[in-house]
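Same chain, two partners: subunit A is paired with subunit B first, then with subunit C.
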Partner chain A sequence: MAKLGYLPKEKLTALLEALSKEQRLFVPCQAGDAVLFQQYDATKTPCLDRPATTPPKGIIFPQDDTLFTFTYHKDAEDLKKVSVELKENLDVAPTIIFGARPCDAKGFLIYDRPYTETDTPDPYYKKRRDMTAIMTLACPAPSPGCFCTSVGGDPADKDGSDVLITQLESGYLFESITEKGETILQNSLFEEGSSYQEQAQRTHEAVAELVRKPFQVTEELTQKVLSLFENDSFWEEEANKCISCGACTYLCPTCYCFNITDEQAGSSGERIRTWDACMFYHFTLEASGHNPRALKHQRLKNRVGHKFSYYPQKYDGAIACCGCGRCVRYCPVSVDISEIVAHAQEYTNDHGE
Partner chain B sequence: MTIERLKEIVHKVLPDVDVVIGYRQGFDALHATPFFITKPEEVDELIWGPLCVHNLAAYLPSLTKNKKIAVIVKGCDSRTVNQYLQENLINRENTVIIGIPCSGVISVKKVLKGLGDQPIEAVSGDGDKITVTTSQGDKALSLSEVSPDKCRTCQYPTPLIYDHLAGDPISPDKPAESVYDDVREFEKLSLGERWHYWETELSRCIRCYACRNACPMCICQDKCIAESRDPHWMTQRLNGTEKLMYHMIHALHLAGRCVECEECTRVCPVEIPVAKIKKKINMEMAELFGYKAGVGVEDTPPMFTFKVDEEKIEEHEL
Partner chain C sequence: MTTVNNPYLPELATITKIIEETPNIKSYQVVFDDQEKMGRFSFEPGQVGQLSVFGTGESTFVINSPPTRMEYLQFSVMKAGEVTGVLHDLAEGDQVGVRAPLGNWFPYEEMKGKKILFIGGGIGLAPLRTLILFMLDNRDDYDDITIIYGARTPPDLCYKDDLKDWEARADVNLILTVDAEYPEWDKRIGFVPTVLSEVAPSSENTVAITCGPPIMIKFVLQGLAQLKFKDEQIITTLEKRMKCGIGICGRCNIGSMYVCKDGPVFSLAQLKQIPPEL
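For the complex of A and B:
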């Protein structure tokens, strides 16, 4: 049975303070004119009015992560003999992400399939994921470009969250979804919330109505996108305005590709993992100099194809897009992935196929 | 009407080129998007107005090598074309320039900020005002309130170079001496304050390179030193040093080349005013060499030439 707690608006700061004492607490905060997830302390200005500019994925999968440090030691007796000392870096503290949106939380479910639900789970991702609770704010309004209902989501989706928060007129309703969430709701700041449940439900339904629906996921979608794989002219047309930057991928809650580099100075250094983006020329540049995706339309095809065809084929039809709309909203030239998918769905060739 | 005149020109030009690049409506009423026109029936989708914010000239270098391209340029964008010609980066014979006199565009970010980032259902313009409709109702905003910084000091409302002009020329009405007022104002801050400002602003950078890829004059693109392992001048770290290094490299490569289109600031998803760094260098270039990028088609960028005795560089006097 889900636990329900009500928190009057004026007690929000007290709650954030209480939560931040027990563990690392990340909250969307005003940062210049952007809103970024930052570790909460009294100097920060939380901003829950709009989704954060960047998703919270970096809290569990940092953009820049030191996997281990290494040092080469020369044998004093025989200088040709070199040994290497490795030190792993897996210090993780219990963490709460407060104020993610349902699409943000869903992004982690998309990450989980390749990163934890495999024979070789990623220890760095898994440890952070296990130690993080996600308190999600049901969207009080849609944002420009977002389309979660087209990809099976909902502005009040509970999938992937530990607590769902609904903003009401003078306070918030907190609903636990998992055991982790139930523990959080034991805090004495919460009042009994069951009488607010109906009001929350009405808010959820009203917001869902306002979300744009540029396409609908059908059983054929995955095949349809794949069938366009060799259709260069389709992708060239979709990509002609793309400027091949990484804004879409770095702001995407589900883009999970990375690069690994050794940053070494003298005899010691660090192996770091950093986000990578399939929109970049270097992404698939091979040591030989050959690049299978040398052109921007080939790269855009990969981004759309991965989310709507290759990933679903591998993982039981699950679409690897949560519809947050950040790639649409922040694209320098307004490339709209939902429009590309709709075009792919509608596409017929000269033979009417 | 400018839009009718514009469509007429595009119809006329289209048979002789591979593509005409203009604007059409984007995913919502507030966003225009670059529009690659190849068929006459597409011309009707063309739009023109304060939403047409992108510098479309930036597409030219990658396309004019083997295609004939017509592009719609505003006054500010036309400096890009001139600079490309000065630097021999485009093939003029493959380029048709459709100029459009412009009385100012909006900053999408400023409009959304005033509206709490809601989806925009309709936008209508009327002289110096725009009315924006959301699910919460209408809101009227004055253009000057939501215009990007570059429009506030615009010196070139009419394109400086064009083959066709869609509309009557507009004369500049902003004082030329105030173009760099914001830089001068910023320079009154102490070194420590300026350092703190940039440290804070650049801390938000996510190294997505939108500023670089949107920059018409960033011509290294796929060979950028920011991603190169050999030479290994920068790591892939996300720390302040690397972010500062990247932005300084970007700015210095644009010394005497930045055409002040402010695309870098416009496209930054985390709202870093990156154009400010370039504007400072431009101010220095103007004072030192009397040069403004992209203003005259026959000019030579100061970094493309060499004089033993520069008029204003004393150290060089032997």
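For the complex of A and C:
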């Protein structure tokens, strides 16, 4: 049974204070023109009225992460002999992400399939994921470019969250979704919330109505996108203005590609994992000079294809796009992934592919 | 403390022997420093591993020693990029990291009782070598074994000791070729696909396994089709740039398939099912 708690607006700071004492607490904060998830302390003012510029994915999957360190030791007896020592780096502290949006939370569900639900789970991702609670704010209004309802989401979607927060006139209604969420709602700052449930429900429905719906996911979508694989002119047209900057992938809650590199200074160093992007030429460049995705339309096709065809083929039809709209909002040349998908549907309908 | 089964953490291993195969290819025999782990280690022919030089990075190579000979794991490295360049500077006794086994393997069970045709070019003999040695160690399970192998020049032929062995064996039919005439070369001259057409092996009850440069594979596949090999009878291995080796990092995908995890071994029938993005 979900636990409900009401928090008057003036008590929000007290709640954040309390939560941040127990664990690392990340909240969206204004930082120049951007809103970024930052670790909370008394100097921070949360910004909840618009979605963060970047998703909170970096809290669980850091943009750069040391996988292990290595140290070369010279043998004191035989100076020619050198041995290596490896040290795994897996320290994780309990964490709360406060004020994620439902699409952000859903992004982690898309990560979970390849990162944890396999025969070789990723221990770095899994440990952080297990130790993080996500307190999601139901969207009070749609944001420019977003389209969650097209990809099976909802501005008050509970999937992937531990607590769902709904902003009401004079306060917030907190609803627990998981056990982790229930524990959080045990805080004494919360008042009885059940009388606010109907009001919250009405808000959810009203916002959902306002979300634009550029396309509809159908069962055939996966095959339709795939059927265009060899249609270079379709993808060239769609990628015409793309500049392969990769901003879309860095802002995407579901883009999960990475690189692994070594850095060394003196006799020790680290093996580091960093975010990487299929939009970059070097991503697939082979030592021989051959590159299977040398052209920008091939790379854009891979990004769209992965989200709307390859990933769903692999994972029971799940679309690997949460419709947050960040790539649409912040693309410097206004490439719109929702338009591309809509075009793919139109094209295949018109050409019978 | 170390997490059990951290797929990113390499096993430390020591290079026990380096063999100069060709002017730009060296083979490395490595043994895990943890003897207990070496004893427990198992893999299937065709599976690959990631070799690490700490401070430079990792690269993927097939384990080209067979699981029937577990005194060491052998990897062959062509000097091509950053990691392979540094690997070429290492000496016997140096330490490397190994993440293995990764990927799938040759369907050797399904090949039992059949004639086996290996077609290799250059360093492409590496994955075939694993299976050839594995089959020779289980010789009774397979019918005739034919190996067509070529390289640009005689010094570019890999595994020269093996080639001598196979040539001497009565139960292996080895056909060697080089691209052009070369002093003291008394065997065939011509590209591998041409030699394949000259030898014209029967496709009946036969499995063909081919690996080599893409241009060779292209014409070998045409040649095999002319010899009436069906797509299901042809097996090859793919290469892509890889990082994680466990199907996550996104580099080696062809459509929904990851070469590092779902490959590197594919039948031609399987390859025809996936998008053409090689």
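Basically, the second predicted complex is superposed on the first by the 346 of 353 C-alpha atoms of A that agree within 3 Å, B and C clash if a C-alpha of one lies under 4 Å from a C-alpha of the other, contacts with A are read in each partner's own complex, and residues count from 1 in each chain.
Here, a contact is a pair of C-beta atoms (placed from the backbone, for glycine too) under 8 Å apart; a residue touches a chain by one contact, two chains touch by 3 or more.
Just so you know, these numbers come straight off a predicted model, no measurement behind them.
When the two structures are aligned on the shared chain, A:T274 is found in touch with subunit B, with no touch to subunit C. Look at A:D232: by the touch rule set out above, it reaches neither subunit B nor subunit C.
In the superposition on chain A, A:E22 makes contact with neither subunit B nor subunit C. Using the contact criterion defined above for the overlaid structures, shared-chain residue A:Y72 touches subunit C, although it does not reach subunit B.
Legend: residue contacts after superposition of the two complexes on their common chain; A:N259 is shown touching both subunit B and subunit C. With both structures placed on the common chain, the touch criterion links A:D130 to neither subunit B nor subunit C. Looking at the shared chain after the overlay, A:V84 reaches subunit C, while subunit B stays out of its contact range. In the superposition on chain A, the residues of subunit A touched by subunit B in one structure and by subunit C in the other are 259, 261.
Every residue of subunit C that touches subunit A in the complex is listed here, in rising order: 1-3, 5-10, 12, 54-58, 80-81, 84, 93-95, 97, 214, 239-241, 243-244, 246-256, 275-278.
By the touch criterion given at the top, residues 19, 26-28, 30-36, 54, 58-59, 109, 112-113, 116-120, 135, 200-201, 204, 206-210, 212-214, 221-222, 227, 229, 235-239, 263, 266-267, 269-272 of subunit B touch subunit A in their complex. Only residues 31-34, 36, 49-50, 53-54, 63-64, 141-146, 210, 212, 237, 240-241, 243-247, 249-251, 259, 261, 263, 272, 274, 277, 280-282, 328, 330, 332-336, 338-339 of subunit A touch subunit B when the two sit together in their complex.
Residues of subunit A touching subunit C in their complex: 67-68, 70, 72, 81-84, 86, 88, 90, 114-115, 118, 120, 122-124, 226, 229-230, 256-262, 264, 269, 271, 273, 276, 278, 283-288, 290, 292-293, 298, 302, 305-306, 309-311, 313-314.
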